[in-house]
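Structures for review follow.
Here come two complexes built around chain A, the first alongside chain B, the second alongside chain C.
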Partner chain A sequence: MTAKRLITGGLIDRSKKLQFFWDNKKYFGYQGDTLASALLVNNIKIIGRSFKYHRPRGIMSAGVEESGALVTIGKNEYRDPNVRATTQELYDGLNAFSQNAFPNAKFDLGAINNLFNRFFAAGFYYKTFMGIPPFEWGKGTKIWMFYENFIRKAAGMGSASKKPDPDKYEHMNDYCDVIIVGSGPAGIAAALEAASNKLDVILVEQDSDLGGSYLSEDSKNLKNKISDLKNAGVRILLRTTVFGLYDSGVAGLLERVSDHKAVKSKYEPRQRFWTVRSRHTIVATGAFERHIAFGNNDLPGIMSASSVDIYLNRFSILAGKKIVVCTNNDSAYSTAIKLANSGAEVKLIDARSSVGSVLTENALNSGVFVKMNAAPFQARGYTEINKIDLAESEGNRWNNTGSEECDLLAISGGWSPTVHLLSHRGIRPKWNEENACFVADDHSEPITLAGSAAGYWNSEDCINSGKSAGIKVAHLFGKEKSSYSLPNIGGWNNPIKPVYEVRVSGKQTKSFIDFQHDVTCDDIRLAHREGFVSVEHLKRYTTLGMANDQGKMGNVIGIALMAEALGKKISEVGTTTFRPPFTPVSLGALAGRNTFQHFRALRRSPLHDWNLSHGAVMIEAGLWQRPWYFPQNNETLSDAYIRETATTRKSVGICDVTSLGKIAIQGPDSTELLNRIYTNPFAKLPIGKARYGIMLRDDGIVMDDGTSWRLSENEYFMTTSTAQAARVIAWLEELLQIRWTDLKVHVTSVSEQWCGISVAGPMSRECISKCLKSPEIISNENLPFMGVVETNLKQDIPCRIARISFSGEMAFEIYVPSDYANEMMEMIWIETEKVGGCLYGLEALGALRIEKGHVTGAELDGRVTIDDAGLGKMASTKKSYIGSAMRTRGVLSDVNREQLVGIFPKNKNATFDAGSIICKPSELKGFGVGRITSVTHSPELGHWIGLGFISGGYNLWKDKTVIATDPVRNKNVEVEIVIPHMFDPQGERMHG
Partner chain B sequence: MVNRVSALEGHYRIGSFNKQDDNSILISEIKNLKLNQLSVWFKTLENTNEKVEEFLGEKGCPKFGKSITVKDRSVFRIEPLKFWFIGGDMPHIPEDQGHILDLSHSRILLSISGKNSSNFLKRFLPIDLRENSFPINSVASTSFHHVGVTICRYDNYFGLLIPRAFALSLWQILIESAEQFGYEIS
Partner chain C sequence: MIRIKCPYCGDRDHSEFTYGGDGSIVYPELDASVEDWTNAIFFRKNIYGIQTETWQHVHGCRLWLKIKRSTITHEIESIEPAHKEIIKMVKNK
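Right, the complex of A and B next:
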């Protein structure tokens, strides 16, 4: 192949010369070139090596279907493998590298694979899983575990950088009336028609320029059309691929914002992932030209005829001197004529026995040699083509009929409309015999195909179909009254002759169908022999169509060969389903800005920074971060929480409890609502009092626990656990909107409005009172246990205070509006420090509540009833409430159910883990008789303790020894069962 | 009375960055937000008109998904029976007609303006912000990075209400995205 740049013509900018590097060597191209066109004109023939056999591969096409020229762009952390050179725009300083070759693509040691190719046929890898005979026939994988390492290293194409991606990406949302995919003749016509009817149109083009096939033809006309589009207000997205169509008119798009830029802005994203929602989609994505399977059809120097045309007309490159064009349809004739007019020696080989004289005369008049009834049979050459052996057709047979020397072979085996996007919506295409291609079947999706995507081959029909699509959509939206009609699909003057493979009897050749996965015609026949005859199995067994190109080049040939093997028609074999993405989408684009600290939104308490500045080590609680512990002087976690727990019990401790759910319940039926959702009575809760309550699910299982404070006749302040906050408010809304629509109640989340702290310990009242405007308001008389008051701290900070204890100490929860949080905390902390108090985190909070036997989400895990949790007395027998009926059903009332207990180690120096299973000593197996849910060191008791559940409860197991077994950590510990309220069981301290 | 401390305290840096004249995004926080929710009942809905008029000084009651703004006060109708009064003190409402709930500390309010403001917000909000679909005085609940937010189109800017606990996280994403346009924080 000897390519050269013509002196004039094309759409490149000859005034802008660009330097680029290929395998670290410097070359030149022009603005407007792709990497492929630049490599082509620099006569770089071997771009990479094939996947399995490491055969030399060159440029095969000019578009997204490229299967040979897969390269790596960039270095180090910017390295981007498996980029199609045909779609990579050239820019100054671009670095590109060949792949899958060592030491380089021209001379690759991996080519030795090709010598053993008979052992690497389709399915070879699966067969090695059965063991290598005679060593481990049918039963072993030991040897496989050894060589699998080598196979993995040899597999794959490019390799990605292991460094973090340094580029930014972002997401985008948009809406329109019509999204049009593809800006060729049909797409532009559709856009202009739709826009003229005042529809909001987005026109999406994956190339760097609008125009599609106009780019290799009529550029003057194109300029006018682009101007018309802009004047019509059509929104245009260039360098953007619609990679998938989804439900409800949603399209996924990938915009390449800066992949073509030599100098990238620090702030601009590299790529943008769009979600566009439209009322209708027009797919004008054109068609892919197919190749033909023949011997060595993967040699560098063999390309699709249309791509040779594109390189000539768009990039002004004559890709060869002695060119053979092989075809089975009309489209390649114009290519042959243009090549001859540009100075190449051109021979056109047509598989058909005859065509209309106009076609051949035009070719002959341009100096093209025409030979009918022949097709390519075997390409000759080692690293590039230098000759093509031909065969002529005799009925169903092909016979060798001489050869032609060439440095470039252009193949046109037919055209496949790009129906992929419609297939994403579950519409399987149907086979059209006359045009030898799959076309869209009837469907009810809001999608219209136009142009070659719909099966039109000539420009005029394409434009008319695009216009008709625009009118049709305008009709659908009630905008247009004029009629439209669609031409018949097809449009060639002479029928196509289906040719998928050329084989000469007695001649062994290696004919490729899927170039990326090295799938050959023999692989298809092998699959058939081995029983993988369904098109779905064919695909998976041979990996046909499973690579980067997703079968754009080879699927139809594979299906045709399987049909032949089965003795069926292609229409009976069908296709597999095309799924998104149409072309690869980077994971970075899908992630957008949702990476690192933005992977999930961080939910911060108003005291977040204050806690950190006071030494908090944080822990995640859902989207919140909460203080875990406050280490002092290099304390470990254990040291810290034990100190915090002890200090709180001895003096006072402050804990940020802002993450608890908080719900405002307002309305004359508020009390009735609470009475229906809590198990215990709320009907007579006085104003100024709080009550602990348990909510059940409809099936009688505990959903959540919390407190509700009565602020006035018709207003309550409900608190929930952190984990169930969202669930509870959604639940309340569901109840009010669906079941109890007669209740006059409004519920509103006020979790963000209020910052809350718990102040616990014998000195808690003293500390808080020093911060109040009216200190006496929280005296024991004025604010007894479970009392609630709204008052002001000093500096007129409004607050709500409830005397509630989770820790078992005398304790208060103080809530202030969030913007006053820091001020409040400073005030209380000063007083706390004075009495030797401390800040405490979740770990100490856990120790405190475990000592008291108070349950949390660790115990209320969705399997536990109110009786299991030892709170059965809270279940009213005098009213109905959610779950009241179902909680008494047989399985939930069984006396042998696992019930809440405390757990001590027999040896007081031992520890055991949460998650351990409790077993009888003689039966360390299965599910045991119980489970441990929470553990801690108890400063009060001086040893390890736990909470858990055991079948039959405390009474059945008291004074008995059982084993806490942890089979994962291989740990068995003797334990005894005690009542869950392990410290101050009478609750004297919190009532103090 | 102590000053309120915004959720963006320490991170709200006034000034301009990579400003590109026409293209820049202008962002500002409306500090010391006053936001009160009024919840009413179907039977008392009519009385709401008077309260809105009293608050705004003008007749009218917004339809669901709409707002009315007069000077620095707005009333959003965020649910069929829930209204948000922004920017001033609430008029008194008897309890049998509705309930008031102070949400002034529950959110921050950002004003986002500039020629590219709609283009900018499309990067986060999955709703149709085209002028025909979301004209002036439109209000919508939507999501930003999986967090529920409320957006309103005013005369020449957008108001974005973000839950306080998520404010800093979403602010950081906003600012990072605004870099490509250039922005000014006032």
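Right, the complex of A and C next:
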């Protein structure tokens, strides 16, 4: 194949010469070239090697259907593998590399696989693994594992960079009346018609330029159309692929913003992922030209006829000198004529026995040699085609009939409308016998097809169908009442002759259907012999159509061969389902900006900066950033939390608890609501008192725990755990809006409105009272344990205080409106510092509560009942509440259920880990008898302690030694089971 | 992605909503038997066709909605607030 650039014509800019690198060697092309056209004109024929057999592969098409010229673009962390050279625009300095070849695509050692093709037939992996002949040696996984390693390395495509993606991506959202996919003659006609009816239209084109097939025709006509579109207010998205259609008129789009640029602007993303919601979709996506299966049909130098036409007209490249065009339909005739007019020696081989005289005369007049009733049977040549053996049809058989020398073979095996997007919506294509293609079936989706995607083969029909689609949509939206009529689909002067495979009996050939996955005709027949008769099974067994081109060129041939093997019609065999994406979508685009610290929302307490400026080391707790510990003088985590815990028990500690969920419960039935959702009684909670409560789910499992403070007759302030805050408010809303619609209660999340701290320790009251306008208001008499008061801090800062303890110490929770957070903290911290108190973080909070045996989300993990958690006495027997019927059902009242216990190490110097399994010493395996949920060093006890669950609970295991086993860390520690309230079990400290 | 027309807020992406569950359940009284509760919360029909379900517009007005949706096509047949009084309020909006 010797390609050359013509002196004039095409849409390339000959004044802008671009240099690019192919496998590190420098070449030149022009602005307007694709990488494929630039490689073609530089006569680089072998672009890559095939997946299994490492056969040389060249450029086969000029579009997204390309399955030969897959390359890697860019270097290092910018490397992008498996890019179709046919859709990559050329830019100055572009670096492209061949794939799947060592040392290079031209001379590839892996090609030795080609000699062993018997072993690589369909189902190769399964057979080797199962030890099915001829793969007996594969049985037993050892040999398999060994070979698999090499095979995986040899089979494959490009490889991605293992470094983080340095590019930026964006998400965009938009709305319109009509989204039109494809800007060929039909798409443009539809857009103009819809826009003239005042509809908001988005026209999406995957190419760098509008026009579709217009790009290979008269460019003045196209220029006028484009200015019409702009004047009509059509919104245009270029370099953008509608990769999927989803429910409710939602389309997923990928816009390649800067993949075609040598230098991107500073804040420009690489790609944008669009979600467009439209009321109607017009699919004008055109059609793909099919290949024909014959011997060595994958040789470089064999291309689709339409792509040879595109290279000639759009890129001004005559791709060969001696060109053979093989066709079974009318469309390749004009290509053959144009090639001959451009100076090539052209022979046109038509599989049909006769066609109308106009067609042949035009060809003959242009100097094209025409031969009827023949088709390609076997291509010759080692790394590129130099001769094509032809066959003549005789009834249903093909007989060898001489050969033609050529340096380029252009194939047209018919056309397949691009119905992928309809398939995404569950619209099955059905086989149209007359036009030998799948067309979309009738459907009720808000989608209209236009142009060759609907099966129209000539431009005039395509334009009319586009126009009709625009009018139809206007009708749907009540805009216009002008009439339209659709042409009949098809439209060739001479009928197509279906030709899928050309095979001469007695001749062994390797005829490819799926060029990317190296699937041959024999693989299809083998699959059929082995019993894979459904197309969906056929696809998965042979991997036909499962490469990144999704079978755009070869699927129909595979289905036709399966139909032949089954003795059925194609219409009876059907087709596989196309799924999104239409073309590959980078993961970076799907992620958009939601990466690293932007991966999820970040929540900070209003004290965040205050905590940081006082030395806090932060930790993530769900979405929240919370102080973990406050190190002093290079303390480690464990130094710090042990000091914080001890200081709190000795004097006083302050902890930011703003992340707790906070809900305002207001209305005359508030008390009734609380009494129904908490297990313990709330009917008689006096005003000015708080109560700790537990909520169950409908099925009797614990949902959450927290406190509710009665502020007045009809108002409560509820706190929930940090983790369940969102769930509890949604749950209360569900109950009030769905189940108990008669209750007069309003629930409002006020988590953001209030900032809270816990002040704990024997000196807590002293520190707080100094900050209050009326210090006596929190005296032991005025504010006993579980008392609540609404009052003012100094500077008239309003606050709510409850004497609540999670630490087991005398403690207060203080809430102020979030805007006063810093003032409150500053005030109380000054008094705390004076008495030698400290700030404490999540780690010390954990230590304090574990010492007391208080449960949190680590224990209340959605599997635990109120009895399991040792809180059975909080389950009222005098009232009914959510979960009361179910909490004692069957398995939930089994005496062998795991129950909450405390855990001490036998050797007091030993430590053990959360997540350990508790086993009997005699049985260090399996699920054990329990598990450890939380651990800490206890400064009060002077050793490591834990909380966990053990089958049968404390009574069954007291005085017995068990093992905390941690198979991951390979650690076994002797432990003993104690009661969960490991420190101050009588609770004397917090009442004092 | 399904689009859901919230009676209060208008047409929105389903990502603004959370799915609740079977909207046809009549929950028993709190003091009902274990059998009644078991039937209500564990035994479900696997509907092929139109199913009544609850959704909450959690990133919007926080209304709980009853939605009749086809489990085959995701097409939504009807949407209304679960709370009868709220239906009236939304209608008068």
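To be clear about the criterion, the second predicted complex is superposed on the first by the 857 of 992 C-alpha atoms of A that agree within 3 Å, B and C clash if a C-alpha of one lies under 4 Å from a C-alpha of the other, contacts with A are read in each partner's own complex, and residues count from 1 in each chain.
Going forward, contacts are C-beta pairs under 8 Å (C-beta built on N, C-alpha and C of every residue); 3 or more make two chains touch, one makes a residue touch a chain.
Predicted model, so just to flag it, every value in this text is computed and none were measured.
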| item | value |
| --- | --- |
| Which of chain B and chain C A:Y881 touches, first, second, both or neither | second |
| Most chain A residues touched (candidates chain B, chain C) | B |
| Which superposed partner A:S248 touches (first chain B, second chain C, both, neither) | second |
| Which of chain B and chain C A:H598 touches, first, second, both or neither | first |
| Touched partner set for A:S353, first chain B, second chain C, both or neither | neither |
| Partner chain(s) touched by A:T275 [first = chain B, second = chain C, both, neither] | both |
| Common interface positions of chain A, toward chain B and toward chain C | 275, 277 |
| For the chain B and chain A complex, residues of the former touching the latter | 1-2, 4-7, 10, 18, 37, 39, 41, 81-82, 95-96, 99, 101-107, 122-128, 130, 133, 145-147, 163-166, 168-170, 172-173, 176-177, 179-180 |
| Chain C to chain A touching residues, read off their complex | 1-3, 13, 18, 20, 27-34, 36-38, 40-42, 54, 56, 58, 62-64, 73-74, 81-86 |
| Interface residues, chain A side, partner chain C - complex | 246-250, 275, 277, 426, 676, 698-699, 730, 733-734, 736-739, 741, 880-882, 884-886, 889 |
| Contact set on chain A toward chain B in their complex | 168, 170-175, 200, 265-269, 275, 277, 593-594, 597-598, 600-606, 609, 624, 658, 664, 666-668, 713-715, 744, 746, 748, 750-754, 795-797, 817-823 |
